[in-house]
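Look for subunit A in each of the two complexes below; its partner is subunit B in the first and subunit C in the second.
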Partner chain A sequence: MRTGAGMKGARRVIVVVLLILLGGAASGAFLYRVPYDQQNRESFGAPPSKEHPLGTDELGRDRLARLLHGSRISLLLATAAALLATAIAGVVGAAAGHFGGWCARAFQVLVDLFLSLPWLFLLIMLRAILPLNVSPVVSLAITFALLGCLGWAGSARVIAAGVQSMHRSDFMLQARALGCRPSRLLLHVIPNLRPLLLAQLCISIPLFLLSEANLGLLGLGVAEPMPSWGNLLRELENFHAVSVNPWVLAPAVLLVTVVGCFHILLSGKESHA
Partner chain B sequence: MMTLIRLFLAVALTGAAALHAGGELRFAIRSEPKTFHPAMVADENSDTIRYLTHGFLVRANRHTQELDPELAVSWKTSPDGRSIRFRLRTGVRFSDATPFTAEDVAHTLRALMDPELRSPVADSLRAGGRNLDVVAHSSHEVSVTFPKPMAGIESLFENVAILSARSPLKEKAVLGPFVLAEHVPGSYLLLKRNAHYWKKDKRGRALPYLDAVRVEIVQNRETELLKFRRNQLHFITNLEADHYSRLLAENPAWVKDTGPSLDVEMIWFNQVANAPIPAHKKTWFTSQAFRRAISMAINREDLCKVVYRGHARPAVGPFSAANRQWFNGSLKPHPFDVKAALKLLEQEGFQRKGEWLVDKTGQPVEFSIVTNSGSRNRERMAALVQQDLRAIGVRVNVVTLDFPSLIERISRNFNYEACLLGLVNVELDPNAQANVWLSSSSQHQWNPNQPTPATPWEAEIDRLMVAQATTMQQSKRKAHFDRVQEIVWQQAPFIYLINRNVLLAVSPELRNIAPSVLRPHVYWNVDSLELSGRTEVSRR
Partner chain C sequence: MRAKLVSLVLTLVLAGLLGATLVRFAPGYGVDEHALDPRLSRESVEALQNRAPARDGLLRYYAGYLQGLLRGDLGESGTLNRPVAELIRERMPVTARSIGLGLALAWSAGLALALLPQLFRSPVLDWMTAAAAGVFLCAPAAVVALAALHAEAPTGLALAAVIFPRVFRYARNLLAGAAAMPHVLAAEARGLGRVQILGRHILPLATPQLLSLLGVSLNLAFGASIPVEAVCGSPGLGQMAWQAALGRDLPVLVNMTLLLAALTMISNFLAEAVTAKCVPVRA
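After this line comes the complex of A and B, so read on.
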């Protein structure tokens, strides 16, 4: 059985690992000034060397530069998408939990609908009807914005339940007894939602990282020549290449580490609660 | 004494590994055949089963690229090119012992023409929408008359599998070397030797040598490769270049590069007049100079080297040099010349503004190339083209779409700018490509379904394609199609990129193989294939 102090220590380590990874992703591309899209057609699929510490990919592009840029893009945009999803979830969930009645029933229907959608097909369908002639940066923003807009339902349900339980708490009972209006009550609810929103944000980030990786693996994620963890993982399709060039596993290792860290952090929070 | 025993063992083992009749040939297809009815075949997997089980009047020899007599021993076409008379082989029986006669040929052709059947095979046999007439003159002579002259008339019968008019088994009674014996959906098809197959070898032995063919359904290429390395499959066709290199490193005897295939990868610009794209882009796309400049800015040698690891050739036109009869040998691929490309663009009013190119109205030159997701080679080619075109200041956005969405855009709503796709050529005769070249066709990809040709050069292609399809003289047909290839080279409605090589993995146990660049690459002479040695022993 893990002690409280041990758990706290583990969480600190996880936070430090995450900060290192985030810091590395944010600054790495500035420190390692090799273009991520420059093709060296005389040296494709090259093993690690002094010039290319992680070798080159199948088009002769520096794998380390692509990993650093891809990490920055994936982490930054997954966080942005998670913020968007959490914001939508916060507004919708808080409104449903607070006002109840027909609002809560409509919310329930909407959430059920969103949770029952085959999101992967929906994403593919939405992406297919978007304009084609957009720059890779815009295409990237669209991909993550879509993820954010489609991924709020689960969080909203948790937030709505949190608001409802808050309504049954002593301080809310006292506020109502003192004649506080419902709109004013909401002002008391919102600050108390912060831990819940933070937890949902932490749940959403790894979810969106994995979603982008899924899209990338299908070739429907971030457009060429922009790197992301999703399209970098496509090198793993070639099983033989993985066994011969284990360094192609680098994006997978980073993805697993980040997603794992978030999960441990969250499970630590749950056990702490 | 010990030496004698060793010698005996050596002789015995050599004998065991020597050629022997029988055995089960095993290979894989990607997915389930959609039909077993030979008249309804429209996909490659169904065609595989049809090829192995059914009999045909004539068949293209994949080695000589000439038609070989099969169930027809000889044929004669009328001087006006409207009819053909076949003399049929005698003593041939279907797999259920029903005799083969001219009535079966007549029955097959009448069945194909039945509008109720909606046979895709029949499309090539209908001239101008009208049906053919077929008459059985005797039990072994049959003539077929078309409503209008048809060039290369005999090659139209290459895909017509003969059905029995009398057998109670209907289309299950076959004239090919094998009979479908077992089908486990999603797993395998087992074809067993047809005891009534008519062909014999030079020594009078009944063919085929093999007892059976097991066609496994393996979707994953890695799994297929693993099965080959474990000796569970005898060959793989259309190997990826990476897989080829891997097998080459393990055992050079396993792999064969048979040279450029007939398949071609290409880019085309959307030239549809009412396409929902900006007017200034339509002006670029309909400009011959623009298309030629883009073509000259693409380094095809790099596409071959980087994407296909050297197992491809820069493409010239609709046919590669693999089509010995129809390829126009006087043409060379558009040269890679960035300076010449820029000069052409300047003549057309384009100019560099800083890093990027703008047109005469000041619009930056930027377009998107769509391709299908999941094709790593096409995605890599698009990325290389993207970088090549950046060198002349053209910004390219690569968009990968799932296949149905891509087809919707390029064939129905025309909401795209440029497309990178491939053309699979199965047949050698240019008549098979008529639907691509005729401006009225729905497959005329850059501007389909034109009521009248939009440009003089498309009108000229239309005229030449009709002329080659109705001219009986082979030299004239060749001259007409050579001219089509020249116009296509000059106008570049398709920017041809590469012809990939046919890469094969073949077990050394498989004998008498004669790999061909034409489909089917390995088993086209399945009735002569033999296996040697034990097949269950793992190679690793």
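After this line comes the complex of A and C, so read on.
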């Protein structure tokens, strides 16, 4: 129902919006040099002013500084976690799809096991097993490392299927006919996996951003005073603050915008394919 | 079918073993932190240490757990000081009710919104329904739950708001794919009405795949029930899982792992069996 040219234009706009948001998140904290954990004892929950453009939270901390630092942390670390998950998925999925046999069967059971548990439950279970009373930096590392180490199963299944279908392609048939060994065949497979890996990376980033937000809101994510989109959203629990100060919705609006941009990009790719 | 059943049982055993492994090797396993209280006498510390679980090997621990499981003994919750089986029995109906309502609403809304653009062939309607579902798709489940709490809506409605965009997106893509099939275009060219085309040609083609989504949506509903029940204060299994995570209540977590894995795999298995029945066998 959509025209190809229109979709291409929309995708370009989305890429520009994403780049602006990523650039703003990366550089904003350097340009706006207010510490995210500095408490201003004279103004708790203050409305926007010249000194504090988004006001202060209930502990007197500058909301804009926390939002900029939190955006940088969430966006960069969700991307890093997605890279880790995609790398694991690439290695495991390619091995299962390429070697087949018992390797593929073991892979199938492992992926079934991972996918049989609801994603958020798996995350909170493993997060609970690791120490909860840790420093903010360690909690940050644990949260995003867990996302990266657990979020590979779905992508690995797609990659394994991609490798298997590649094995039936003409160039692989020709390579086998020329006497290529399985290990050398893998060298032909890996470069062709690039588009698949990129698509899985783009799928994982919004998933991890949403998961971190859920964990943060449930008190199992990044520990205070370190800001992230997840723990910044905890301000929404105070309904009175939301109705009086609508700017506490800023992290939610940013999160929905970024995740929405990724979804539109991905749906564009789907329709293009 | 037999191979599928064997695979299901094997995966369940592995899920249990995974849970048991995590519990056995979790930092602080077998240590009662009250024993570190300097005010306690040596006798009290020894009594606490005797009460703590024995530091068995993994397989012995798992065998003991399975034996208890067969007797219906799932252990005792460390935070709530009650048998886990009793807690699950008590909370299961609450979660079942909210998930039942959530799935019914999500499927009704998702399918209705996916069918509308097909029925009226309107790109504007298609764009509007996709945008409406997209907003919910991009919001974290916990934020949706907060909005539901603010609006004093039931937990099931919050769950429906989390699941429906996923059902909608999948159904919309399936229906659009089926609508683009050559026989559907031929039926359209012969002047068949939209309702007839939808009922006779598009829906029968998409139904088997939609049925297989039923199993997946149950998994989604269980996942979403954790933040939704935790935020809305609904005393179901999701809230118990969250409280167990905050309190590092490992017996509850390991039993929940097995229960959720079993429920998801059985629902997927049933959905696949129904789908296989629906798909006509090709010669």
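By definition in this document, the second predicted complex is superposed on the first by the 255 of 273 C-alpha atoms of A that agree within 3 Å, B and C clash if a C-alpha of one lies under 4 Å from a C-alpha of the other, contacts with A are read in each partner's own complex, and residues count from 1 in each chain.
Methods note: a residue touches a chain if its C-beta (ideal position, glycine included) is under 8 Å from a C-beta of that chain, and two chains touch if they have at least 3 such contacts.
These numbers come from a predicted model, not from an experiment.
Measured by the number of subunit A residues touched, the leading partner among subunit B and subunit C is C. In the superposed model, A:L198 lies in contact with neither subunit B nor subunit C.
Once chain A of one complex is fitted onto chain A of the other, the partner contacts of A:V91 are absent, as it touches neither subunit B nor subunit C.
Residue contacts after overlaying the shared chain place A:P225 against subunit B, while subunit C stays out of touching range.
Legend: residue contacts after superposition of the two complexes on their common chain; A:R41 is shown touching subunit B, with no touch to subunit C.
Once chain A of one complex is fitted onto chain A of the other, the partner contacts of A:S116 are limited to subunit C, with no touch recorded for subunit B. In the superposed model, A:L173 lies in contact with neither subunit B nor subunit C.
Within the superposed three-chain model, A:V16 lies out of touch with both subunit B and subunit C [touch as defined at top].
By the touch criterion stated above, A:A241 is placed in contact with subunit B alone, subunit C being left untouched.
By the touch criterion defined above, A:V137 reaches neither subunit B nor subunit C. Touching of subunit A by both subunit B and subunit C, each in its own complex, is seen for residues 124-125, 127-128, 132, 218-220, 237, 239.
Considering their complex, residues 7, 10-11, 14-15, 18-19, 22-23, 26-28, 117, 123, 126, 134-135, 137-143, 146, 150, 173, 176, 219-220, 222-224, 226-227, 230-231, 241-242, 244-246, 248-250, 253, 256-257, 260-261, 264-265, 268 of subunit C touch subunit A. Subunit A meets subunit B in the complex at residues 37, 39, 41, 44, 58-60, 124-125, 127-128, 132-136, 139, 218-220, 223-225, 234, 237-241. Note for the complex: subunit B touches subunit A at residues 222, 242, 246, 302, 305-306, 366-368, 370, 373-376, 379-380, 382-384, 386-387, 395, 397-402, 405, 408-409, 415-417. Looking at the complex, you find that subunit A touches subunit C at residues 1-2, 108-109, 112-113, 115-121, 124-132, 206, 210, 213-214, 217-220, 233, 236-237, 239, 242, 252, 255-257, 259-260, 263-264, 270.
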